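After this come two complexes, each holding chain A, first together with chain B and then together with chain C.
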Partner chain A sequence: MSEARTFGYYPGCSGMGTSMEYERSTRAVCEALGIKLVDLEDWSCCGSTPAHTVDHVLSAALSGRNLSIAESMGLDTIITPCPSCLTNLKTATHRMENPAFKQKVDALLDKPANNTVTVKSVLQVIYEDVGPETIRQQVVRPLSGLAVAPYYGCIMNRPPDVMQFDDPENPIAMDEILSALGADVVPFGLKVECCGASHGIAQKDVVTTLSGRLIELAYAENAMAMVAACPLCQMNLDLRQGQINAANKSRYNMPVFYYTQLIGLALGLPEKQLGFDKLAVNPDKVLRAIQEQSHVAQ
Partner chain B sequence: MEVINITHSYDPAFVAEVEAESEQNVRLCYQCGNCTAGCPYNFAYDIPVSQIMRLSQTGQKDKVLGCKSIWICATCESCTTRCPNGIDVARIMDVLRHMARRYNYNTVPNVRSFVDAFLDSVEKHGRVFEMGLMANYMTKTRRFWTDADLGRKILPKGKISFKPHRIQGRDEVAKIFERYKEQQR
Partner chain C sequence: MKIGVFVCHCGSNIAGTVDTAQVAEAARALPGVAFATDTMYACSEPGQEGIIDAVKENELDGVVVASCTPRMHEATFRRTVERAGLNRYMFEMANIREHVSWIGKDMESNTNKAADLVAMAVAKLRENRLLFPKKFDINKRVMIIGGGVAGIQAALDCAEGGLEVVLVEKTTTIGGKMAKLDKTFPTVDCSSCILGPKMVDVAQHPNITLYAAAEVDDVSGYVGNFKVAIRRKQTYVDWNLCTGCGLCMEKCPSKKTPDPFNEFVGTTTAINIPFPQAIPKKASINAETCIMLRKGKCGKCAEVCPTEAIRFDQKEEIAHEEVGAIVAATGYDLFDHSIYTEYGGGRIRDVITSMQYERMLSASGPTGGHVKRPSNGEEPKSVVFIQCVGSRDKSVNRPYCSGFCCMYTAKQTILTKDHIPDSQSYVFYMDIRSPGKNYDEFTRRAMEEYGARYIRGRVAQVYEKGDKLIVRGADTLTGTSIEVEADLVVLAVGAESTRGASALAEKLRISYDTYGFYMESHPKLKPVETNTAGVFLAGCCQGPKDIPSSVGQGSAAASKVLTLFSKDQLESDPQISQVDIKRCIGCGKCISTCPFGAIKEIDFRGQPKAEVIETVCQGCGICTSTCPQGAIQLQHFTDNQILAEVMSLCPPLLEKSFE
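And now, the complex of A and B:
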C-alpha cells in the first residue's frame, strides 16, 4: 500500500444509530485500505430529505455549516458513507455556484462556506483512489460461492451532472469491488430503483411494495444476499423485511449487507469491527457457506 | 378523461413562482412521458408526474398543490436523470411541496408530520435523535402503534439510543432555523 490518503469524514446521523454497523465497518475498511479519515469537528445533520422537501435554502444552509467546518479545518475533500448526506452536501455545493442562491444561504449561517470543498462518497474513493485491483491483492479470505445482488439505491449516482460518479442507470463500482473480493455478482436490473426511502414510517405500503420488488428480483437472480450502500435502503430491506413479508405474503429471508462489511470480511478484519450481529436478517448461514467454500478450495 | 378549460383557470403567477423557485423552464416539457414511465411511485400517485408537469405549465395551481403525488415523491431523481430536455423534474416536485406548505395544502398529513418531526429533532439537538423523532411523530399523528413491531428487533441490537447525540454547536444549528423562520414571516 502506498502512502495514506487523507480525507475529511462526515459520518451522518444514522451512523450513530440505526446504521452503526455501516459506520464501524467503513472506518475499519478505510484504515485497512490506507484511507485516513479526519472527522469533521462537531458536525451537524445535513437535514436529509426532510430539509430539501421544506426549503432549498434551509437545506443548503444545514449542509453549509458542515462545508464551512471542513474549510476551517483546511480540508479540501470530505467523504461520507451515506448517499443522503452525500446528495445534500453535493447539491448544496452545486447550487451555491449561483451567487444569488448562495447569498440567501449565507444569510442563515454564522460562518458561510466559500465553496472550496469537494464532496465524494466513501464508495467513490474506494473505487477510484484505491481500485478493485489493489483490493483484490489484499484479499485474504475470498468470498467464493457467495452470490450477491448489488443494490446502489437511487441517489448515489443521480442526477449525473451533480453526482459525477459512475453510471446513473447502471453503476458498476460495487459490482467490480465485490467481484474483486471473490463474490459472484448476479445481474441486478433494479440497481438504482428506489426502495421507498423514508416513507417506511408515514406510508409503509410504499416501502413494502418497492422494497419487496427489489428482494423478489434478488431471489429470482439466485442471490444469497443483497449488498447495500445506503443506511435507509439497508434498513428498508433488512429491518422491514418482516413487514414486507407480511404485506406481500412472501417468505423472504435475504440477508442485506453493507458493502463495507463484505470488504472487511474478505480482507480478514476482525468480525466484531464489521457488526454482522447488528443485521436484522441473520446472515450466519450465508457467511458459513463462504467458509465452507474456502475450505473446499484449500 | 377529465377536460380542464385553461382559459378560465390559468394562473400565470403560479407558473412564474414555480419557475423562479425551481430555476427551471416548465414550458420545455413536451409530454413525452419518460418521467412517468420511470417513476417508481406512480402506483401510489393520484396524478402521474408528467401530468403534474402539464398542469404546472397550464397554471392549475389548486389541482397541482392539492394532489397527493407531490407528498409521496421521494426525490429518487429518476425523472430528472431521464428527462430528454434536461428539466430537473425532481426539483420542481420539491418546489411544489414547498409551495403546498406555504399555501396550506396538507393532502398527505402523515408525510408532513414525519418531515416536521425530523426537522424538529435537528433544530433541537443539531443531529437527528431517532427515538425522539419517532415519539414526536407518533404524538403529532396519534399513530402510537407505528413500527411497534420493529422495536423488538432493533432494541436488543443496541442500535437505537435513548439519549440524543447533542453537539456543541446545536445553538448554531438552532440559529439557522431561527433565521429561516424569521425570513418566512
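And now, the complex of A and C:
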C-alpha cells in the first residue's frame, strides 16, 4: 500500500442522518484504501438545494465558510461523498473567480476564502488517486455473480466545465470500480438521468415517475441491484420504492447500495461498518447470492 | 512629379461616413498633387474614363485612388492607368472603405483618417519607380490532388481540353466518398453506376497519369512552373504486373483485416482490392495485418499470384512532376460522433453512422445489401435517424451546416422502406435544408409516400433496454418530450475538413479557415481560385458540398486551368526583392531567412554575394527586414517608400529622431 493521502473531509448533513450508511462506509473504505480524512472543524450545512435557488451569494457564502475553514486548517483539497454538497462547493469556487461576486460573498464572511482549495468527490479520489487496478488487488471477497446497475445521478458530472470529472453523459468511474470488485456491470443507459431529486416532498409523482423509470430499466437489463453515489438518489430509489410500486402498480424489490458499501464488502471490511441494515429494501438475498458464488469460487 | 488623387464615394459605402470632398480638398495641398477630386464609383466605366481623362489633361505622372481594398480593385486601376499611358506601378491605392468607413461611424475622425491614408499613398507614390514585368513560359500540365468525384471531373475536363493531367490520390483507388454510396439523391440512381464509367475514363484517358496510393510531399515553384514531389506509398505489389485477378484475396489467410472501404462494417483480407470497380484495379497489402510482413512467414499470395507481382520488400518512392497549375480536390472527412457520448456511438453496437448504413444498403457491401442489426444480425423494423451529428453545434466546434445530411437522410429513409417494407423510420431533425433542384420535393416524398416520421428536435439520449434502443428527444413542434423504441439508430454525421488538409494547404501556400476548409479567393466572385496564382479548388475541400456542386466546381476549376493555359507566356510580377551588389556584404542572413529558398549565394569578383532567383521570390519582404545592410530591397516596397509613408504621418517626430 502506498503512503496515505490526506484530504479535508466534508461529510454533509445527510451523512449525519438519512445516509449514515454512506457516511460510515465511506470512512471505512477510505481508511482501508489509504485515504486519510481530516474532518473540517465546525463545518456548516452547504445550503443544499434550497439556498442556491433563492440567492447565489448567500449560497456561496455558506460554502465559502467551509472553504475558508479548510484553508485555515492548511488543507489543499476537500472531498465529500455527497454530490449536492460537491456541486455547491464547486459552484461557489467557480463563481468566486469573478472578483465582483467574490466581494459580495466576502462581505458576509468572518474570514474570506481565497480560492486555494480544490474540491472533489470521494468517488473521484477513489477512482483517480487510488484507481480500479489497486482496488482489484485488494479485493478479498469478489462480488462475482452480482449484476449491478451503476447510477451516478444527474449532478455529479454536470455541468462538465464546473465539475471536471468523468464524462457528463456516460461516466464510467463507478462502472470500472465495480468491475474491479468482480461485479457484473450491466449497460445502464440512464446513468445520469434525474431521479426526481427533492420533488419527492413537494410533487411525489415526479419522483415516482422518474425513479420508477430508473428501476424499471435496471430490471430490464437484469440487474440484481442498483448502486448509487448520492444520498438523495439512494433515498428516492430505496426508501421510496414502496411509494413507486404503489404509484406505478409495480412490484420492484431492488436493493440500492452505495458504491462504498460494495467496495467495503469486497475488501472484506466488517459488515457492521458498512450499514447494510440501514437499507430500506432488504439486500440479504442479493448479499447471500454473492456469498454463495464466492464459496463456489473458493 | 504630378500626381492625381481620386476619392471614391463607393455609393454610401464610403461617402456615408467620410466627407470625400474634404479628403480630396486636403489631398490638393499635398506636395506633388496636381489634381484631386471625389468621384461616385471610381471602378465604374465613367469613373475609370474620368481617371484617364484627368491623366491626359493634367499630364499626370501617377495616380492615387482612395477607395476599397486593393484585393478588390488594384488590378482594375492598374489597367486603367496603363490605358492612360502610365506605367502600372505608378499607381497607389488607399483603403478608405475596409480601413475607415466600414469600421467607424464618426464622420470627422473618419475624414481625418482617410486624409492621412491618402497622404501616405501620395508620399509613397512620389518614391515609386517604373517597374516592368518579365515574360516566362508556362508548363501546360496540371496536377489534380484528390480522386473523388470533384477531382475526377476536373481531371477529365482538363484532359479533354488537351492538357496532360497528373492525378494524385492518397488511397489505393479513386472514387472517393461517392464510390461508397449506394444511391444518390434526389434521383435514387445507383451511385457507382454513374461514377464507374467516369472512373474508367480516367484510367483509359491517354492524357491522364494516375498516382494512386500517393501523396503530395512537396511543392515548389510558382504559377506556370510548379515542381511537385509525390510520395508513392508501398503497396507491396508491383502494380505494373498485377492484373487485378484477385486470386491472392481468395488465398490470404489473414481475413480479419479492417475494411476502410466498407467503413469497418465487416472485414477484408490483408491483401485486397478495395471494391470490384476500383481504379486502378490493383491489389495492395495492409502491412498491419499481413502475416508475412509481421511475422515473416506465410507468403500465400506470392505463391498463387500468376504474374509474380508480390513484393514484400517494396519501399516508398518519390516521383517528381512538373506542372503549371494545381487543383486541390481533397474532399472531406466524417465527423467523429463518439464525442456525443449520449448517443452511445462506439459503445452501443446498434448505433451506426450514415456511411456505415450506406454500405449496408449497397448490394456490393459487406452484408450484400441486407440491412442488419450489428448486435444480432436481425432485420430492424424501427430505424431512428438522428440528424446534425457534428453539424450546426457550437458545443463541438462545428457551427456550420454540412449541407447534404438532410438529403442523404431522406434518401436513406426511402431506401429503408424499399429494403424492409414493414419498417418504420423516424428522423430527428433541426430544420430540413433542401434547397437544390428537386430536393424539397424529395424530402416530402420521404415523408408523404414513404411514411418517414419527422420529429423536429434534438435527441438527448440513446440507451439500451433489453435488446431494444430507446431514443429520447424533444418534439419542439408539440413542446413535448418523446421516446422512440428503435432497433437501429443511424447518426447523420456531418462533414469536416479532411485530416492533413492544413498541412497540404501550407505546402500549396493557400489559406484555410478555422475548420480547415480551404479559402477561396473571393467568396462570391472567385469561388474556385485561391490567393496563390495557379492553385484552384474543387469540391468539399473548400466546404461541404453535394455531388452536383462538387462536379460543377470540378468543371469550373478545369475551365480556370484551361483559361490560364490559353496563353503561352505569363508575366512575372516585378514586385520582388533585388540585391544591391555594392552594399551586400555576403553575410547570408537573407538566404537563411527566405521561406521560399529564393536567394542564393553567388561569387562576385571573389566575394560572396546574395542573388535573388526572380521566379522563386514571392515578394514577402522578410529578407529586406533581415538584411543588416539594407542591401536587399523589395521592389515597390523599398525602405524609402515605407519610410516616406511613415514620415507623411508623423514628420516632426521622425525628423528629430533621425538627425
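Methods note: the second predicted complex is superposed on the first by the 298 of 298 C-alpha atoms of A that agree within 3 Å, B and C clash if a C-alpha of one lies under 4 Å from a C-alpha of the other, contacts with A are read in each partner's own complex, and residues count from 1 in each chain.
Rule of thumb we're sticking to: a contact is a pair of C-beta atoms (placed from the backbone, for glycine too) under 8 Å apart; a residue touches a chain by one contact, two chains touch by 3 or more.
Owing to the predicted nature of the structure, the values given are computational and were not obtained by experimental measurement.
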First, second, both or neither for A:268, with chain B first and chain C second:
neither
Identify the partner contact of A:169: answer first if only chain B is touched, second if only chain C is, both if each is, neither if none is.
both
Chain B or chain C: which reaches more residues on chain A?
B
So, does A:203 touch the first partner chain B, the second partner chain C, both, or neither?
first
Please indicate which partner A:187 is in contact with in the superposed arrangement: first for chain B, second for chain C, both, or neither.
second
For A:220, decide between first (touching chain B), second (touching chain C), both and neither.
second
Give me the intersection of chain A's contacts with chain B and its contacts with chain C, in residue numbers.
168-169, 193
Seen from chain C, its contact residues with chain A in the complex are 340-342, 344, 347-348, 461-466, 470
Chain A residues touching chain B - in the complex, by the definition given at the top
13-14, 16-18, 20, 42-45, 47-58, 61-62, 65, 98, 107-110, 154-155, 158-160, 168-169, 192-194, 196-203, 205-206, 209-210, 239-240, 242-243, 277-278, 280
Interface with chain A, chain B side, in the complex: residues 21, 23, 40-41, 43-44, 72, 74-78, 80-81, 88, 90-91, 94-95, 97-98, 101, 108, 110-111, 113-116, 118-119, 122, 126-128, 130, 134, 137, 141, 146-147, 149-150, 153-154, 157-161, 165, 167-170, 172-173, 175-177, 179-180, 183
Could you pull out which chain A residues touch chain C in their complex?
167-170, 187-190, 193, 217, 220-221
